[in-house]
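Just so it is clear, A, B, C and D label the chains in written order, and each chain counts residues from 1 on its own.
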Amino acid sequence: MHSFFAMGGYAAYVWVSYAVFIVVLAIDAWAARAQRLRQLAQVRGRARRSAARSGSTP
Amino acid sequence: MPESRFHERPALLQARGLAFARNEEPIFGPLDFALHAGEVVLMEGDNGAGKTTLLRVLAGLIAPSQGEIFLNGEPLTLARLSPQLALLSHQGGLKHDLTALENLRFAAGLHGQRRGLSPVSALAAVGLDGFGEVPVRQLSAGQKKRVALARVLLAPVGLWLLDEPYANLDRSGIELVNRLLERHAHEGGAALITSHGAYAYTSGTPRRIALRPDPAGTESQGDTIVENTR
Amino acid sequence: MRPGSTRAACLALLRRDLLLVWRRRGDTLTPLLFALIVVALFPLAIGAQMETLRPIAVGVVFVATLLAGLLALDSLFRGDYEDGSLEQLVVSPHPLALLLACKIAVHWLTTALPLIALSPLLGELLFLDPALRGLLPLALALTTPLLSLIGAVCVALTVGMQRSGMLLALLVLPLYVPVLIFGAGACNAAQMGLPYLAPLLWLAAGLVLALVLAPLACAAALRISTS
Amino acid sequence: MNTLTYWFHKLGSPPTFYRIATALQPWCYGVALVLGLIGLYGGLVVAPKDYQQGDAYRIIFVHVPCAWMGLFAYLFMAVNAFIALVWRIKLNEVLAMASAPVGAAFTFVTLVTGSLWGKPMWGTWWTWDARLTSELFLLFLYFGVIGLYNAIEDRRQAARAASFLALIGVVNLPIVHFSVNWWNTLHQGSTVRLFGPSRIDASMLWPLLLLAIATHLWFFGSVLARARGGLIELDAGKDWVRTLALAQSKPTASGVT
């Protein structure tokens, strides 16, 4: 088990590579989702504004 | 649909269901209207009603979001439009480091010049006789406008699209614009001009189309005036 | 020649742009001074010995020219965009690509040509290998038109923006890389006594292609960014 | 209208595409996750140690799929950009712009992992060989596309301008590769072959292929996710978006990814 984590002395390089791979892709997925939620929130805000202007729900 | 049923000849410029939206915010339209040869149409609307955008759409600079434009009955393309179009935009299109005459000479090179006119006589026609050698930078706002009008006048074209031609002009300038428009229409040309309505138009007030800044309205603007006046 | 013909339009445009540059002739000095200062910084930063400066002289002159050109690019369409002349070009009945080619030509003549003329002096400041005195301006003469043409396409894409300087650099510099490699590479090859004709021919081929394609791309980009 | 164009139009309409994307996206992510984990297990545990490079070679299991994806994403973006520019189809504008950030992410991972591999193998973090340099400029191109897209106010105009830049980049990239190759012949000795003799054992191949499939699926999941956001942005004034936004504002609305 220990030898598995040691990666034949290359642990720093191998594990950092895999970590970068996973972290960057996770951030990417999270950012995509956050962007969509932000857009939806903006649409809701706009709907509220126009509802407030016209005095009724659109 | 207001087809061009009043004319055998198709209108010079006709818009059907024309609308433009930027980032899903409606700027103007949907709009139906026709502009025939020998006619001057005034687009009225407040600031932000989309007059400038409409003019840019009609000039082929921007593609409309919806609707169609026809030039002599054919779909509008820049290639068909450009040989017969003179555009006066808000910025004027003048080089401030050049003199009025140099600007007009360039315009004549680019668009050609109307029969019987030259840069010098065009400048005289807008009341700037003797200002030919003055750099545009040193002219007043009204005089700059006149130079820009001289550029429009000089172009050998039938269709004028003028954005706020009355802006910055004094009373005699406004009369000059009306005179130029009248003569242009009389010679068989057509013009579409915009104004936010704060200016006094004098003689021969053209047909008007109101451009309302109400994007929520889904009914066609440009309304019945188009047909009534014909 | 009929007024309103495409030839008349191009000539009128060339004359107007040259006249404009002449009216503001002081402005053409700015890229020259910039290149001169950039070159002057290198001996100050890494030492003024001939043996350190000579190997990098070609590269420094090329990079300085490239950066000065980048600096000057911004003015290519900005004035015309702001005063509405660009619209007049777009709605004129002539091929927009041709008109833009004229503008790019004037821009190259007034910003890059002085830099080429200055390049022997820049080289001397860095103890340029005397064998390269002829080749450096030649390589620059093939490189700078390419830089102007490629740059014009990117400027056309950013023309409507308020602060486009940094973005323009980001767009343009990756496109400049091959040009820089071949231009400076030819000189470096000559310095090492290797054959240097091939990269120059590549540059010439690229220039011919760009002369045809870049104005068209520039016109297309301009139509996108002014809409 | 024949059925094919009918379906094409239907698929291209934003609400339909949004629905399909919403349904597909969790599957893309999910399958990518499963395959990716199996692939990682295969690469880290099952695959034997390389007789030359030791365990360091295991970096290729992430490096190579990401390198492929960096290029694949650019290709995908360029094809969509071309369609968007020629036929002005909204969906393709959105798809082109959606693939830029994912592509940039993959290219970034490629560069970092390549660097981490290079240090123990060649003793240097970076070498200016054609492949690495092209990869670097690929990243710059992605940044340029994203930067241009964000700098222009009008979203559709921004997408069209950025698409145009993406197409210019397609021309540029092979030229960069070619020029750096030539440049390296000039400065001999600095080239290091990234891939040794490409004899690869089957026990090393299957994790690599699994990870390649997983990254493709992850890419599509991410593109679909961003395309959904982009469609909402572009169609913000349309009824289907308003309905969607209001439906999701209820706190009970769950199960929506």
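Keep this in mind: a contact is a pair of C-beta atoms (placed from the backbone, for glycine too) under 8 Å apart; a residue touches a chain by one contact, two chains touch by 3 or more.
As the structure is a computational prediction, the values presented were derived from the model and not from experiment.
**Student:** Touching both chain A and chain D: give me those chains, sorted by label.
**Tutor:** none
**Student:** Of the other chains, whose C-alpha centre is the longest way from the centre of chain D?
**Tutor:** B
**Student:** Could you quickly compare C-D and B-C and let me know which has more C-beta contacts?
**Tutor:** Between C-D and B-C, the larger count of C-beta pairs in contact belongs to B-C.
**Student:** Counting only Cα atoms for the centres, state how far chain C is from chain D in Å.
**Tutor:** The computed centroid separation for chain C versus chain D comes out at 33 Å.
**Student:** I'd like the Å distance between the centres of chain B and chain C, where a centre is the mean of that chain's Cα atoms.
**Tutor:** That pair's centroid distance is 38 Å.
**Student:** Averaging only over C-alpha atoms, locate the centres of chain A and chain C and give their separation in whole Å.
**Tutor:** 41
**Student:** Would you mind pulling out the distance in Å between where the CA atoms of chain A average out and where those of chain B do?
**Tutor:** Computed value for the inter-centroid distance: 50 Å.
**Student:** Send over the residues of chain D in touch with two or more other chains.
**Tutor:** 236-237
**Student:** If a residue has to touch 2 or more other chains to count, which residues of chain B qualify?
**Tutor:** Residue numbers touching two or more other chains: 63.
**Student:** Can you identify all of the chain pairs that touch?
**Tutor:** A-D, B-C, B-D, C-D
**Student:** List the residues on chain B that touch chain D in their complex, please.
**Tutor:** Interface residues on the chain B side: 21-26, 63.
**Student:** Which of the residues in chain D end up touching chain A in this complex?
**Tutor:** It is residues 29, 40, 44-45, 49, 54-56, 58-59, 62-63, 66, 101-102, 105, 108-109, 112-113, 116-117, 119-120, 218, 221-222, 225-226, 228-229, 232-233, 236-237, 241-242, 244-246, 248-249, 257 of chain D that touch chain A.
**Student:** Would you mind writing out the residues of chain A in touch with chain D in their complex?
**Tutor:** 4, 7-10, 13-14, 16-18, 20-21, 24-25, 27-29, 31-33, 35-36, 38-44, 46-47, 58
**Student:** For a test of understanding, state which residues of chain B touch chain C in their complex under the given definition.
**Tutor:** By the definition above, chain B touches chain C via 59-63, 78, 81-83, 85, 87, 89-98, 102, 105-113, 156.
**Student:** Show me the residue ranges of chain D that touch chain C in the complex, using the header's touch definition.
**Tutor:** Against chain C, the touching part of chain D is residues 137, 140-141, 143-144, 147-148, 151-152, 157, 160-161, 164-165, 168-169, 172, 175-176, 178-180, 182-183, 186.
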